[in-house]
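Following this message is one structure expressed as structure tokens.
Naming follows writing order (A, B, C, D, E and F), and every chain is counted from residue 1.
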């Protein structure tokens, strides 16, 4: 698949959140205000890109040559966890404000399905190094797009009189559901036709 | 002196411009009626049942929700309008439960979980329509031939867009444009259409294919309320005069869509060249006017400022084009509009009016 | 520094234990998984072989979605091929195995891998779905458009015509491919 | 002590109250049987990881706490993965990428972080069981709604002559398909969460 | 009307209804027996009462002394005895102390010959002192003490003196008639102000619906040999607001949160100018003003010259009472005025009109939810987003409202006028500003 | 074969673990950010209501305030003595309780049946908005305006409206944040001890005669309560009775003989005041 195809696929068609169900916890948890949503979006994008590269290296230079592919889950997650922790340390050092905004969700990026998900999906799709990297970034951007839109909508909802039981998280789910409904417009066929 | 006057204490301004939410809603409803009556006329009396089913379901759902939150919102007319628009977006042969589900979904989930009128970020009627479309794709894509044409064909058939689209999947020849393609494939036309087309062609030197007149007047299969572009346009004149809808959204929507179709439409629906799209065909089919005039313009779910509206309309045009030309669904108006609805809060953020007495930073060149 | 090494060491110990444990479990399950996979392929192939003998899998670099094929022979003569072909579905690729006779007739077909919508495109996984195609290709075209179908079948695929067309096109490719290699 | 077990069922239900572990909760809950399978996997992993984390809590240095927990969790997940693929391949296929993703199911690391590394083995086991069962119950609830409306069936294990599939008359033929799709999952989850909030509210005022 | 100047952003066109009182010359109103003189009639701190019950007062005698920097003197409008000092509600809904005076004895000015004094030799400082002691406040509505306004802050220069003869509020014709009938006095008043602040240019803005006033003012300026630029303006509300007026006439924008002097301008209402003339030339303190009594429920709409402290009921009676039951009685113009329920509420220095409105004029309807039609945004002359502001305020999120410009709102009412959903937007703005102020006081 | 695989697995994963572990340990050392552990500990203890009663921006703000700015440790009213004790433990300070829990209650029960209204209001449902228009639509300018501003600001939804449009606080839900007291324009909302057995449900400082004209359940300042229950702590000042809750004497005498019946009982902790009012009515 062409690089543009990969980007469109991961941003729109197989948007991690709205169609693949990956990375929902931060999507719901950190979308209350626009600023932290954007921060989270970029953090996830960054980590996903790194995770894609790292896991590709591990997979192709360690797991496959040694025929121990069954260890992919454990080795990917090990590398990703270490990476995220590193990012966490760096952010904590350079931007305490961002660190505070992302709160408990920074460590949760480690355990964000999206990050391990992209590593596993790259392997399933047999992507080469560059493709993996692009897929990582694109999936991250898809996450960013979804969480950014979500946060702008939620900011608007803050000043509506939502029925009480729905305030907060439930309405976020309903909003996400309606967004997913609209995103069904993007499907594989659209991509195939668009790119030839 | 002041004893029995029972005066009202209210904040300024003490006088108001005429008009109210309810009057606006009813005005839109009434302007839609001609197109609805046309639908009943060409598709048969059953269609009336579909319209009533959706309206009644919407009103009952609204009443139930209003009762739950102890408000009285029925008379603002928005539920009737939502119901009517859902009915308008149904194929004539749809089973009754589908519009009912669509209406209930629209009112209960899309509108009231967000606090009722004004709270929703997505167009209820369209979200309802898309919900049932995805749930029951089969019945939602079965079309009925209008009365004038039925003598030629069986009862169920494909809409022009659907026909072209599934034609596309199998079609490898190169007729110049979908209208001609359909004509050649034996798609029926009314007598009036043939008459007017040949009159136009001979008197004005056009070389129009048959079918456009039918599409414009509403002699084609399609959703109940979308087929008659003519009556939808006529109804909207009053809305424009009363400033209930403004030009920004419809114009930017239709213009961007038309432009893209003209540039790229030919690459898929014709001989493969650029700047050769069949603009008229795409404008007159698939509910574009219903969407652009009456649904994208829903104030609740569209941007606040005219700059925002232009962006929103253009975005809807682009998305409609993408979905219709490349996507797997026959049309694209509903999906494009609800997709743009998602972007509205963001558009509003970036298109605030310039505040008085606040220097806008000049861009340094 | 000692602290650092100790930290790393401890993590390494945990990893080591985990790796060994997994290695052991893998040693038990791997053959089973392989066997199960083989069995499934075997079963599919035996249904597709229409009673003929299945030959060695040959990989192909044909561009049109053909991944490879098994020659099917009866008494030494190749009579048909099971073609491994990929088509484009509604939601991703369609992995198909289809048996095509030398005359280009579709003798059997099965959808092995897909991510279509349950209730719509996924119906194609059912053996009965493929009846539409079986028997075509020799005297009639392999259907890849609604207009090739009788009305009842056309109605049945309404809402999932992309899957239908995708399969039809892939089968056509397979038939063409068999046409090319048939003379071999 | 029993509280450690029961709290996960409703009061601190991981899905509805803590709102973690959403991806598998929504991703696999298209059929009841998938929920059961996923739930079983999660309970096993949760149990294993809670036990080991609480055992090793003094051994593991703070700085590599997370990687260490994850290695432990990932090992159990891989075991589940391999065993499932070997013995119940059909279920393995339908759970798809979500099986390896149990590793990153927020609940598991969350419990390791928030509970097991501070508590005794016994408490950790009870916590794991409670949370795991709470998670499973939540998944079953979501799946039940989604499957009944979205497919018109209820799919369980085949036992004897029972094929495992209960068909709901009327709905099988024309189900509300969106319930089975991403949008439906999120909507169902939203309404269930609202229901829980509402019940919680009523309880609080009483 | 083409080619007339106006401001660009926002604005509305409510029906003018000026014909009701347009042709009625200013008439002296009957003086009521009981005058209720409020002690907070001006922007700023209330005046200090210097009389006590039982005291004799004379017409024009000082009864309330200015306190602090922004405050004003208050004079007795009638001769008589102080009956009591009580707490009353003013038309704007706020409480105020008030001196209740029972009319008694002889008037010092009424019916007497007016003697003019020359002011040519007076310095700016002396002139400002006269204005201060005469208790003159802005009569355009803001009731800002005029002496303070004309004491320009150090380092600031007034380039423009713009006289506000716009009277953009519907119904009101008081300024209109003042201009027609007292043009020479106004011109002289302008000269007085000009000699205080020494502007380079003089201008008066009058909307095009008062062609006679434009003519009269032009002639008067010519007569007095004053180079006054009489600017005809397109009819659009709120042209009379100083920010919009300056934008229209000078094309300068008063920066957010700043005063007109920031862009070298001083704006004064024609009524204020006339009052300054009377104070300086005739030595008369501010004890009366022109009030338009109008509205569909008033039998005989008029422009009345009214003593401060007169109960509104007496004005209505003088105009023949009600023709039908009004739904509201408004003090001020219909766009910015306040409703009252007690018709004995007294006239203050800021009272420009009294309107009794029928339900047909009010066009009241039930409030519904905001449907985001965006009309309020298009109408707001300050470029604000009233619907979002209101939503924030409704959710008690006053800080967010402040961050999108709540404090710039001047409560002109344009948004509330156009709102389809009949949302009390302006009341929301007031509430929000009040809560913010209260919070700042607390902090 | 199998053993080679296990060996490879062992080697590669162990190496990865070791290297990453060392890397992290080094990074952690290089990038240390000092954060007081106690802040985290406090954040965990504080209730998380983010009500602002402590005067800090939310619970985490208060946690930092305690650690970094030496803020008083007894400011969290929602937490109560339990949280106070825990904070004290962490900070190594003496727990000085802030006294008995206090709760809000409306000191007015005027409504359409009992009071005189002066005008027809149309506008925002907000007490402050209405108060700025002639002090509200009741003749009594001290009364509860019943527009529910307090309901809007209460973080725990402790305040509700009864069928007569009167406002009451459920004292078991109230967390003593005093937001309602701050927002109430007329001062009808006041704090009373949780254990209060009675309240004077009136806030009017007008003279008895005037009160009688506009409200049938208003305190007229007749001082009967002072006389009937001298030990009950009733004090009449400015024509309004108030209760000194430090005095724990019997207040039933006053309650029964109050001519305006504006002293209402609240003797059972579980009962909300409207319920108490009901039981009182039955007793009469």
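Just so it is clear, contacts are C-beta pairs under 8 Å (C-beta built on N, C-alpha and C of every residue); 3 or more make two chains touch, one makes a residue touch a chain.
Given the structure is predicted, the values throughout are model-derived calculations rather than measurements.
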Chain B and chain C share contacts with A, D, F
Chains touching both chain C and chain E, listed by label: A, B, F
Of C-F and A-C, whichever chain pair has more C-beta contact pairs: C-F
Taking CA centroids for every chain, report which one is farthest away from chain A. E
Hey, how far is the Cα centre of chain E from the one of chain F, in Å? 44
Quick one: chain D and chain F, Cα centre-to-centre, how many Å? 39
Between chain A and chain B, tell me the centre distance in angstrom, where each centre is the average of that chain's C-alpha atoms. 34
Between chain B and chain F, the Cα-mean centres are separated in Å by 51
Could you list the positions in chain B whose residues touch two or more of the other chains? 7-11, 109, 113, 115-116, 118-119, 131, 134, 137, 328
In chain F, residues with contacts to at least two other chains: 5, 9, 12-13, 16-17, 20-21, 23-25, 28, 119-120, 122-124, 129, 133-134
Going by residue number, chain D touches two or more other chains at 61, 63-64, 67, 71, 74-75, 78, 82, 175, 177-178, 181, 183, 187, 190, 194
Hey, which chains are touching each other here? A-B, A-C, A-D, A-E, A-F, B-C, B-D, B-E, B-F, C-D, C-F, D-F, E-F
Within the complex, chain B is touched by chain E residues 9, 12, 14, 170, 243, 247, 253-258, 313, 316, 325-330, 332, 334-344, 355, 357, 361-366, 368-374, 377-378, 380-385, 387, 405, 408, 411, 413-414, 416-422, 424, 426-427, 430
Touch list for chain F against partner chain C, complex: 2, 5-7, 9-10, 12-26, 29
Complex contacts: residues of chain A adjacent to chain F: 58, 62-63, 66-68, 71, 74-75, 78-79, 82, 85-86, 89-90, 92-93, 96
Touching chain C in the complex: which residues of chain D? 30, 56, 59-61, 63-64, 67-68, 71-72, 74-75, 78-79, 82-83, 85-87, 89, 151, 175, 177, 180-181
Which of the residues in chain C come into contact with chain D in the complex? 6-8, 10-11, 14-15, 18, 21-22, 25-26, 28-30, 32-33, 36, 40, 117-120
